[in-house]
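For reference, the structure I am asking about is given below.
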Amino acid sequence: MNRAYDEIKIHLPQKADYVSLIRLSVSGIASKLGFDIDTIEDIKVAVSEVCNRIISIKPDDGEFNYDITFHLFETGFKAMFTVNNALRRQLFEGESGEFAKAIISSLMDSFEITCNGDCVITMVKNLGD
Amino acid sequence: MNRAYDEIKIHLPQKADYVSLIRLSVSGIASKLGFDIDTIEDIKVAVSEVCNRIISIKPDDGEFNYDITFHLFETGFKAMFTVNNALRRQLFEGESGEFAKAIISSLMDSFEITCNGDCVITMVKNLGD
Amino acid sequence: MFKMMMDNNAQAERIVITLQGEIDISSAPEFKAELYEMVGDGQKDIALYCSDLSYIDSTGLGILVGALKRVKSHQKNVYIYQLRENIRKLFHITGLDRVFILEEPV
Amino acid sequence: MFKMMMDNNAQAERIVITLQGEIDISSAPEFKAELYEMVGDGQKDIALYCSDLSYIDSTGLGILVGALKRVKSHQKNVYIYQLRENIRKLFHITGLDRVFILEEPV
């Protein structure tokens, strides 16, 4: 993958209320990139599943905010979700977590989680496959 | 206006391509807040006009990124556009600038520009007027 | 935004429910409450009509599984009709196509 | 995304153009080029049908004014039909409702 030609970052509260907003924004981005309707649906699903997992974290000290960064490439796009001080275990724990992971891995071209104090969840979808 | 209960921030390139994405996101936010369809249209228009003005700045050193921050209140919402190192004169200059200012002031409940190194353009729309 | 309607006939042998719109993490609590109310103890087969269901996430799927468990405990089943292709794919990925009875598209 | 169609009749006394969709800063260059091509030197009246124009920003309005100037220089005019309420409001705010000939909604 070459260098991203553009970057869009959304910073938002960890609330179920805003997931549909993210779906709306992500479908705007994906259709601008030239993905077909079915793939746009898949991208919405995968992005929502990550948001769901982030929302399912119940921190002791109330709700937090998280960041979604989209990198736009000629060849596709990458979404990165950054959650401060999360634990991998919290993010995809339990049966639902496993289901979410299966859905995302199956719909996206790559999907990985790196936790190191903060957790960064990265997914990539290429155009034309 | 009371304290904002939520904040959503979008960081994006200064490109005409992304204004429709902002309209999409802003209509999601406005409808979540409970604005009626006509007011949602007005909000989309006002927000786009600010984006247009920001996009019309042609800096010597290529394109830049800017931030839009939405503050959500029980009573309405506030949008703040932050442009680094811009000049007020650049932002709303000329006849088009005056037209844009007229449109925004007329559609929103408040609208102001504060330049101090960075420029911050702030607009507020209250629910139910 | 989602909507659900039940074909209201206490005599019928199965409960017919139509799902519409988007079922996601924010509409899930309402969906769960309404669905479980319609399903009751799970003494009847459930038929779900989904031609206007445009979106469902894993939260919603989990709720469907919960309903399935209730009816299974009475040897009944959940039949799903007119699933859109993008949603059918999710049932396939999660293996739920082998758990529910998915009626083939005509 | 916007679309524009011209009623293609070289003999007609006026140029009839239908506008559809969204005209904003990103579609403006294309809109300007196509409109000015249709308007030509500005020797004929222009009729714009806007019932399916869902959005236009100040960039688009500026382009319409540019077209108006061309036809005004030949004592012709721009007539605008079926403007949606939200867009009519923009013409009012900018004073353009007194510059173009806005036909009243029926």
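A, B, C and D are the chain letters, set down in written order, and residue numbers restart from 1 in every chain.
Here is the rule we go by: a residue touches a chain if its C-beta (ideal position, glycine included) is under 8 Å from a C-beta of that chain, and two chains touch if they have at least 3 such contacts.
Since the structure is predicted, the reported quantities are computational estimates derived from the model, not experimental observations.
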Smallest count of steps, each to a touching chain, taking chain B to chain D: 1
Euclidean distance of C-alpha centroids - chain B vs chain C, Å: 42
Between chain C and chain A, distance of the C-alpha-averaged centres to the nearest whole Å: 26
Distance from chain D to chain C - Cα centre to Cα centre, in angstrom: 50
Per-residue overlap in chain D, given as positions that touch at least 2 other chains: none
Two or more partner chains touched - positions in chain B: 17, 20
Touching chain combinations (by label order): A-B, A-C, B-D
Residues of chain A defined as touching chain C within the complex: 16-17, 19-20, 23, 38, 41-42, 44-45, 48-49, 51-52, 55, 96, 99-100, 102-103, 106-107
Touching residues on chain C, where the partner in the complex is chain A: 22, 24-26, 28, 55, 57-59, 61-62, 85-86, 89-90, 93-94
Contact footprint of chain A on chain B as seen in their complex: 6-13, 15, 17-18, 20-21, 24-25, 28-29, 32, 65
